[in-house]
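By written order: A, B and C. Residues from 1 in each chain.
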Amino acid sequence: MSDFIFYKEEKAMNKTLAEIANLVEGTLQGDGEILIKSLSTIADATRESLVFASDKDYFTAALNTDAAAIITGQRHQDCPKSQIVVSNPKLAFARLLEEFDPQPRRPAMIHSTACIADDVMLGDNCHIGAYVVIESGATIGSNCQLLNHVSIGRNVSLGNDVTLHPKVTVYDDCKLGNNVIIHSGSVVGSDGFGYEFADGKHHKIPHIGNAIIEDDVEIGANTVIDRATLGSTNIGKGTKIDNFVQIAHSVQLGQNNILCAFTGVAGSTKSGDNVIFAANVGVSDHVTIEDNVILGARTGVPPKKTLKSGQIYLGNPSRPKDKAIEAELSTTRIPMIRKQLKTLQTKVKELEKRLVE
Amino acid sequence: MSDFIFYKEEKAMNKTLAEIANLVEGTLQGDGEILIKSLSTIADATRESLVFASDKDYFTAALNTDAAAIITGQRHQDCPKSQIVVSNPKLAFARLLEEFDPQPRRPAMIHSTACIADDVMLGDNCHIGAYVVIESGATIGSNCQLLNHVSIGRNVSLGNDVTLHPKVTVYDDCKLGNNVIIHSGSVVGSDGFGYEFADGKHHKIPHIGNAIIEDDVEIGANTVIDRATLGSTNIGKGTKIDNFVQIAHSVQLGQNNILCAFTGVAGSTKSGDNVIFAANVGVSDHVTIEDNVILGARTGVPPKKTLKSGQIYLGNPSRPKDKAIEAELSTTRIPMIRKQLKTLQTKVKELEKRLVE
Amino acid sequence: MSDFIFYKEEKAMNKTLAEIANLVEGTLQGDGEILIKSLSTIADATRESLVFASDKDYFTAALNTDAAAIITGQRHQDCPKSQIVVSNPKLAFARLLEEFDPQPRRPAMIHSTACIADDVMLGDNCHIGAYVVIESGATIGSNCQLLNHVSIGRNVSLGNDVTLHPKVTVYDDCKLGNNVIIHSGSVVGSDGFGYEFADGKHHKIPHIGNAIIEDDVEIGANTVIDRATLGSTNIGKGTKIDNFVQIAHSVQLGQNNILCAFTGVAGSTKSGDNVIFAANVGVSDHVTIEDNVILGARTGVPPKKTLKSGQIYLGNPSRPKDKAIEAELSTTRIPMIRKQLKTLQTKVKELEKRLVE
């Protein structure tokens, strides 16, 4: 690493365990006076750390660290360390992370270099960073944070409490609800991929629709949501989208979906609520995905299929889990099949010999 | 959705059906005086909508909407709705979308914040948006639109009628033809991925070539076209590239290719004309793809293969369609094979028993 | 191509072959007085070109060009062209490409439009391009090049000789070592993809960790390195990452890894040194990859696996190479199995008949 030192700012908390238990509405077991200076991973725990154990294995691991105390979902008897017992330790830890985040929201201000059209409606208490561009006809709600180099097209509207990280682009006419978060480099509203081949060339289908991102949606970095040809591409309330996800024109995603990295959803496909797309899932066009479906990593769904409510699908082409596993297991049985076949061939040969004799 | 209302600007057309039939050179069947106020999807059609039906199923669906009229490829007898009959209804609809797009091209202007080197040659009638950077030695044709935050490197040249959406980056020395469209966040001319391992480290191979994008190419959002080590990476005329496509150093794509999302083409691979890469296709290095080849979704092509003209390839590793389907079907037959094997084993056991008796 | 001419600047070298042999510490065979004007690919070689042949096939191909001379790893007898013989021809060629790159580093300067917080520590001899933003608390080493529209968050630190191409974004608190190169549109330090579902919604897990990029790392275009929930995501010294790679929260990559396009590494996975991830590899969370492992293209690794040192893994789910190839071959044997089975069935039927008679 040569002479360049990587250091990480100390993120001092300085709260007693009793205060922290109070914050997360947990039950304190042990010494409430202990001063906690950091939230830590099990690997990095020091004598002033609070760590979190989501299950028994992690609890055992936590006991073997220097950590002062553990947040846990279940009270452990005869525990040498202090505990804060909560119903959902991960959620409690999330709340503490939020509390002690050393990088709070950016201050309300409009940077002198921001380029905002005269007719833009801008809500109260917004942070508009350097070199942000907001074009004519746009509406921005209150408490929004638009970081450096964000680009907002014509007639775009944003709700309240929206955070757009550096270099997010929103094309003309798109709409974002409240509490939307979008990470760097993501694009909302680019033209869908549609052409008609005639007279020896691909003619572009114009895309005069838009894209709508409902409340409480979070979108990762370098993801793309295409606009519809006509009407809207729609991302339902509370849906969470990872980095490198491709949502094609006119897709309709339901509420509280989860889409992991490298997932692509092709044109006009619809999902219900609480659908999970694991990583690198490919869904073709005009597919209907009912509520609570789970698509395993690398699943590929052919066009126009209907995936049934609550089912798990795996494989390419996608099959219900049992069938996919059966198919996968099938191929592992081929060597055994070949062996059995050979044995049979020998036996039949012997039988033939004997009959001839 | 709380109190935040998503609305979509009404895109009023106000043309009679006769005027529209004239525009698309179609034959009118029914009432030419009907006033059409919008182009609609079948789902959104109102009594003042014109909808489009690419086949019989869509025509039937269109009949069940409130739509005033239908654009169709075939005249339907005894149809209760007015029709415009054209040879290619999708193409006719595309022309109408263009006609009634409420977001026409940006006005000719150079934004006061654009940063343009003194020696740049800039054509007539261009729109140069906010915070655009054009470095020394670049040439920009006429009627170009460079939207916010576009970055053009040294000695780049752009033809006429080029549209670069916000945050497109073109590295030094790259060349774009006429009528090229590139969507937000895409990168043209980044260094190819090449190293030589020696003395315990990866040595970078410098990339002093460039990338050339020929006329009429459209590139989606967040796509990357790497520059060549020496010479040029080349995208042939009329080729259309979706979001999230990776074109590696020294690749040569022919004319009118179609590349769907998450497709990657590795170094020095060449394609002919009219090749289709469905989604998530991976082509290794030094592959030769002849004209009119179709690569199905998720096809993986090993290095140095030649794919034969007009063939369809599927699977990973890629095989001609018939073989790929046969292989896929093969595995589904394993349970049947196991059953037959069991039956045979029982029979042979019986035969052996009888012979011993 | 209409009237738009694509041309590539001549990159005149004007060195004699003897001078070049000297530069790469090679042995000259033939006429040292030949004037070389360009480095060329075999396809583009002219009578004033030097070409490079990494093996016998390329050497033969090089002989059939007009090239004046060849860089080769082995002296060829009776060769009609001049040769420069070196121990590693690719490395020698890389050194020459560097020498004759017509686009040297950008000049030391701070562009008037750069937006740099007052407390930023900026090293000597840096190039800070147009519309670059460097936020409060950041430290930039010497000889860095930050090109147009780069965005550096709060408390970020960069070592010496770092090159960030246009539109790179580094989030708050992240650390980059010396000699790091990052291409356009890549993002370092975006929030990891983590939620806890409770009370009918996905609660965001705040990410208060960071991402650390060690010395000599190169990262391609539009790649994303997420920050850790707590602690750091870490990319080890000398590791090279292609375009479109996703590194999730808390991943620890060792030294000198190679990650090709569309590879995703999920949360908390660790790799050793010299690991190769071919294209479109997907590694699940909490996987341990030991030193010198090779993951073939499209390999998918399930959660919590350990991949053994020096092994090659293929397939989805991943298996050691031998087993993966056996499994692949297995399925190709199914048609033969079916044939053998049919033959046996006929024979057994005949045997049964005979026994009955």
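Worth a mention:
In the analysis below, a residue touches a chain if its C-beta (ideal position, glycine included) is under 8 Å from a C-beta of that chain, and two chains touch if they have at least 3 such contacts.
On a predicted model such as this, the values are computed, not experimentally measured, just so you know.
The set of chains touching chain A and also touching chain B is given as C. Different-residue interface: chain B and chain C share under half of the residue numbers found at their contact.
Chain geometry summary: the mean Cα position of chain B and that of chain C are 25 Å apart.
Shared interface positions of chain C, i.e. residues touching 2 or more other chains, are given as 113, 131, 149, 167, 185, 222, 244, 262, 280, 331, 334, 337, 341, 344, 348, 351, 355. Taken in their complex, chain B has these residues touching chain A: 1-2, 4, 6-9, 11, 39-41, 43-44, 88, 90-91, 93-94, 97-98, 100-103, 111, 113, 129-131, 147-149, 165-167, 181, 183-185, 216, 218, 220-222, 238, 240, 242-244, 256, 258, 260-262, 279-280, 297-298, 331-332, 334-335, 337-338, 341, 344-345, 348, 351-352, 355. Interface of chain A with chain B (complex): residues 113, 115, 131, 133, 141, 149, 151, 153-155, 157, 159-160, 167, 169, 171-173, 175, 177-178, 185, 187, 190-191, 193, 195-198, 200-208, 210, 212, 214-215, 222, 224, 226, 229-232, 237, 244, 246, 248, 250, 262, 264, 266, 280, 282, 284, 300, 316, 326-327, 330-331, 333-334, 337, 340-341, 344, 347-348, 351, 354-355.
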